[in-house]
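Multiple structures are listed underneath, in C-alpha cells.
Each of the two complexes below includes chain A, the first together with chain B, the second together with chain C.
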Partner chain A sequence: MSLSTDQDLILDLKSVNVKFKVEDDTLHILRDVSLSIPRGSFLCVVGESGCGKSVTAQAIVQLLPDNGEISSGDIVFSQGDKVVELNKLEKFGKQMRDIRGAKIGMIFQDTLSSLNPAHKVGRQVAESLLQHLPISKSEARARVVDLFRKLGIPDPERRYEAYPHEFSGGMRQRVMIAIATVCEPDLVIADEPTTALDVTIQAQIMTLLKDLQKSAGKTFILITHNMALVSEVADHVAVMYLGRVVEYGTVDQVLRDPRHPYTKALMASVPNLDADKNVELQTVDGQTPSPAEVTVGCEFAGRCPYVVAACREKTVEMTQVNPGHDVRCIRLDSNGKLPVLNGGA
Partner chain B sequence: MALTISALIFFASRLSPIDPINAMVPPDQAADSANLAQLRQELGLNDNIILQYFHWLKNIATGEFGYSLQSGQKISEILALRMPATLELVLSALILSTLLALTIGLFAGANKGGIADKLSRILAVVGIAMPDFFIGLALLNVFAYRVSWLPTGNRVAPGQVTLWDRLPNLILPVSTLTIAMLAVLIRYTRNSVLDTLNKDFVKTARSKGVPEWRVLYSHVFRNSLGPVMVLLAFRLPLLVGGSILVEAVFQWPGIGTTIIAAVTASDYPVIMVVSMLIAMVILIASFLVDIVKSILDPRVRLGGGN
Partner chain C sequence: MNNTRTPLYKVGLIKKHFPVLGGILRRTKGYVKALDGVDLEIFRGETISVIGESGCGKTTLGRMLALLDKPTGGELSFDFGQGLQDVTSLRGADQMRFRKKVQMIFQDPYTSFNPRQRVGAAMDEVLRVHGVKDEAERTARILEACEMVNIRPEYLQRYPHEFSGGQRQRLAIARCLATKPELIIADEIVSALDVSIQAQIVNLLLKIQKETGLSFIFVTHDVAVARYVGHRVAVMYLGNVVEILPADSLPEAAEHPYTIALLSAVPSMNPTAKDHRVVLQGEVPSPIDMPSGCAFSTRCPAVMDICRTERPVLKISNISKGDHQVACHLNKGAK
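Moving on to the complex of A and B:
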C-alpha cells in the first residue's frame, strides 16, 4: 500500500492492536493492522470467520464489546481540515458520539436483530437525524420518507409506521442503509450487509451501496467473505488472516494476481461456473488456529504449502511487490513471486 | 378457564369429610337429628351434587354469594367490608415493588458489578431465602417492639380517618410484601436488562451516536420489560398467598384473615367464594399483563401489521 501521505486519506489505521479479555486469558485479536483508506474509495476487507474483519470495523467506531480494547495504535479520521484520532476519544463521550452516525455510518449484518423490534422503523431512522441535526420531528420525518423512496422502499409514507418484523430481509437491510446514511456521513462501514440475504437481493443491495458511493462520493468499507461481491464493487481489497492484513492492493492486483499463499488459496476456493466439473474445488487445508496459539512468526505458517523454517521465527513484515500492492510473506523472491512448488499443491 | 376453576373449587370443598353442619350448630343442639335433617334440606345439602354445583354457579354468576354458615352474614357484605383492606395492601405492594424493582434492576443491569448490582444481590438473597411471614415478624420485632416507630398491626386505630392517618399502619405489612416480591423481580429485571444490552440493536443505537442514557431508556428498558411482565403475572398468586400470611401476622382485617377464619370453622360457602374471587383476580391480572405486553412489543399484537 502506498504509505505516502500525498493522498487524501479519510481514514488511516496505524498498527492497531486490539486485545480481548476472555476469562483469565488475553487474546490478541488485531495485530498491527494498518490500513490507509483514500477518500471516495470502496475498500473490501475479506477473510474467513474470526480473522478480525468485524473487530476492525468495531474498533474504528469504538464499539468493541465490553471485554475488548484497543491496546495500541492510532486510528486517524480526517474530515477535510479536521483530523481526529478516534482511539483517543472517550468511548461514549460527546466527541465520539458526534462522529458516530453523523460522520461514520454503520450497517450491520443481521437486520432483524439489529433493528429495535419495539420501535417503528421510521422513528429508528429519524433518531439519527434528530440526534445530529437541529431539525424538527416533521422535517426529520419528511427526510426519512424521502430517503426510503430513494432506497427503493415502496410506499414509504406507510412503511415509515411499520415495525421491523413486518419487513422482508431485503427491505430491512434498506432500512439499515437508511439509518447509516441518513445523516450523509463521509464514511460508511458495512459489516457483511448481505450475508443474511438471498442472492438476487444481495445484488440489489450491493448496487445500492455502489451507487451511493459513486453519486454521493462517500467512502465505503465493506466487510465480507464473498469474493464474488468483492470483484463487483471494490476498488481496493485488504485480505486479513488471524488479526493481520496479509495482502493489500487494488482489486485487479489482489484478485487477478494474488501473491500471498493465503490469498491464492482463497481465490482457488471460489467456485467458478466455467470450471471443469471433474476438477475438485480447492479448499484451504487445515483449520484456522485460535489467536492464542500463534505467538511468533507468520500466522498462516501452519497451513501454508510454501512454509519454511524461517516463517516461524519472527513476525513477517509487509513488503511492496508493486506500487500499491503489499504482501506479508517472506517467501516472495525479488520479483515478488512465490517459488514454484514441487509436485504441485 | 373460570368454569374449570369453579368446578375444582366446588368439588374439592365437597370432598372434605367434615360436615359443615357440625361446625354450624352448637354441640348442645346437635343431638336433635330431626332439626339437623331439616337444616340440611333447607341448605340444599341433600340435592344431587351436580345439581348443587350448577345451583351454586348460577348464584355466583348473578352475584348471589349466599350466607356464611358461621355468622349467618351475607358473604357479599363480608367481602364489601374486607375487600378494600386487602386491595389496599396488595395493590400498594404490587405498585411499590414493581416500580422499585424496575428502577433498581435497570441500574443494576446497566452498571454490572456496581453498587446497585451488589445491593440487588443482597436483597435477592434475603428476599428469596426468607418466607413472607418471617420477614413480617422480623420487621415487627425491630420497628414495632424495639424502637416503637410503627404500630404492630391493625388497619385503623381510633381517631384515624384519612388514608394519611392510617399510613403508619400500612408501612410494615406493605414493606413485608414488597420485600418478598422485590427479590425475584429485581434479579429478573437486571438479567433481562443485561440480556437486552447484548442485543444487536443496542449496537445499532450506539452507532447512531445516541447518548448512553437514551440508549438505556429508549432501547434497552422497553425491550427488557416484556419478560418482567410475564414474571409479574406468575408472581401474582404468590403475592395474594403472601398477603394471607401477612394479614395474619399484622392482624389486618382483609380477605386473608377472613379465609383463615373460614377454614378454621369449615365455613364452606365463604371459602368457596373467596377462593373463586382470588382465582378471578389472578385470571384478570394475567389478562391485563397480556395487554401490557402487546403494548410493549408490537410483535405480539393481534392482527398487527400490513
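Moving on to the complex of A and C:
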C-alpha cells in the first residue's frame, strides 16, 4: 500500500515530539514520530517497555501526564470533510472533549483501575452516550444492553446492573470495549488491551476487535509488545525504539521481511511454537538506554551488531526500501539489504 | 524418560484445598481446590515446564514442591541419595537439608532482593544459613555462580536498585546456584521482562541446565517459552494436570482438547495458523464449585456424557505412547 497524499487518512502524525519534565531534567520521549493511518486500517505499534508506544497514544488524545507536552509537530485528525489539528486544541476544552470518547475511542490495559468500582458498569458505558449524544436515559440503556449482547456479554440486562468486581478480566475488557465503541467512533486506540489476559481470552477479544474493524469499518491503533499478535491482526506495523519509529510498513513487509537490525533482533528473540527448538534464541546485547542519556545519531547504535562510526554521527532519516516500507537505518545498501556480518548473523 | 529410572522428586496425587470462610462465625463454607490430585515425577537433569492459564494452580504447585505451602493431601517424596523419602513431615535441620537441595526463583526480581542489602551480602547470607561456615568457600561459590550467569564480580558490591530487571533476575539465579541445589523451581521468571531480555535469560537457563545437569521446574503461562525451555511440558487446568508430553512433540502431538485449544489460542507468526483455530467459549469455572467429572467438561468441544460424571485420570497416550500422558476419556490408554 502506498503512502500517497491523496489517500484517505483518518489520522496523520507529522514529526511529533513529546517532552517530559522530570525534576530539573527534560526527557525527550517521542522523537519526530510520523505516522499516517488510512481510514479503516489496523495499525499496530510495537516495541519494548519505554519505547514511547503508550505515550504516542496519550499524545493523540491529549491525555499526556501533567509534566508532558507536545513540543512540536502536528496531529491531524480528519472526520470526513472536517479536519482538525488535535494538538492545537485546548487539552480539556469543549472541542477536544467532543472528540475524545465520541470520535476517538480508547481501551486501556488495566481494566480494574479504568472502571469506577462504585458505579454499575452499564451506567459507566451509558455515561459516554449521554455525554456526547442528545438521547434519553432509557434510550442509552437500550443501546448499551444491545452492545453488550453484540460483544458477547452473557445476560446483558442483568449484567448492566453489575459492578466491575463482579466481572472477570475478560468480561471487564469487553465492558471497556463497549465504552470505547458505544458512541461509534471512527478511530479506536487500544493500549495493550489483552496483556493482562490469558491467551484463550485474548483470542476472544482480538477476534472481537478484528470483527469491529471489518464489519463496522472502524480504524484501529493497537499498541502491543507481542509480535505474534501483530502478525495476526495488523494491516500496518510501526516498530518503535527509544521514542522513534524505526521501521514502518505492511505486516508482510515488516514481519516477514524485516530490514532494521532492531526489528530483526526483536523477531529472532521471540520463541515460536513452530520454530526449531535447537536453534538458540537470538538476544540483543545490553539493554534499552534511558531517554535521559543524550544520544547523537541512531538510538540503537549501542546494541546494534551492524554499527559503524557513521551511525553515531547524526540523526538517521527514514528511507524507503520498498513502496510503503520505510526503515531508519544507514547500513542498508541500495537494495535495502543489511551487510553480511563476519561470523554470520 | 526411561521408566526404570527412579525420579528425583515424586509428587503423588497432591491436593491443596483452601477453605472459604463465610458468615459472621467465619465458618468454612467450601473449599477452593487449587490443586486437586496432581501426579508428577521429576527426573534428574530434566526440565519440566508447567503451563496453564491464571488460576489453574501452577504457582500453587510450585510453592508446594518447594514446601512453602503444606499440601492438604497426597505425598511428596524426594531422593536425597538414599532413595525416595517423604518430605512433608520434615522438620528443623532435615527440612533445611531439603531447602538447600530445592531452591525457588520468583517472578518479580524487584521484590526478591532486600533493597538495603548489597547483592553480594544477600548471596552470602543464603550460604551462611545453609551452613557453609568457611568464608573463603562462600566467596568462591558466589564468584563461581556469578560467572555462570555473566555478572561481573565487582557488581556484588552494588545495591539491587542499581541493576536492570534482567540483571536482577540473573542475580536471583546466581543466588540459587550458589547453594548447589538439585532442583530449581522457577515461577514465571521471564514474564516481567521484555522479549529481548527474556531471550537472554532463557538462553542462560538452557546453558546452566546443560552444564550442571540440574533439574528445573519452569512455571510459565507462555506456551512457546515452555516448549523451548522444557524437556517435558505439563499442562494444567483447574488444579489438575491434564496432559504431560515431550516438549519436542508440541504442538502437533497434543491430544487433550484443552491443550489443543490453548495452543491454538497462542498468536502465531505463521499465517496459516489462524485457519484451524479453536476459540474456546466461556471462561474457566470457579475452583470453588468445580464441575463434577472432568474439570474441562463445561467448555470442551468434544464433551461426552461420561465426561460430566467421571473424572478421567492421567494415562499413557494410546497414540504416541511412551512419555505422553493424557487425562481424557477420549484416550483409552496404551496397551
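Observations on the model:
Criterion: the second predicted complex is superposed on the first by the 340 of 345 C-alpha atoms of A that agree within 3 Å, B and C clash if a C-alpha of one lies under 4 Å from a C-alpha of the other, contacts with A are read in each partner's own complex, and residues count from 1 in each chain.
Convention: contacts are C-beta pairs under 8 Å (C-beta built on N, C-alpha and C of every residue); 3 or more make two chains touch, one makes a residue touch a chain.
Predicted model only: the values in this text are computed from it and were never measured.
In the superposed model, A:V61 lies in contact with chain B only, and not with chain C.
Look at A:I99: by the touch rule set out above, it reaches chain B but stays clear of chain C.
In the superposition on chain A, no contact is made by A:G80 with either chain B or chain C.
Touch criterion met: A:V284 reaches chain C, while chain B stays clear of it. In the superposed model, A:E127 lies in contact with chain B only, and not with chain C. Note for the complex: chain A touches chain C at residues 48-49, 168-171, 198-204, 206-207, 225-229, 231-232, 255, 265-267, 269-275, 277, 280-284, 287-288.
Those residues of chain A lying in contact with chain B across their complex are 61, 63, 92, 96-102, 105-106, 108, 110, 113-119, 124, 127-128, 131-132, 162-163, 165-166, 176, 179-180.
Against chain A, in their complex, chain C makes its touches with residues 53-54, 164, 166, 194-200, 202-203, 206, 221-225, 227-228, 247-248, 250-251, 261-271, 273-274, 277, 279-280, 283.
Across the interface of their complex, chain A is touched by residues 199-201, 203-212, 218-219, 222-223, 296-299, 304-306 of chain B.
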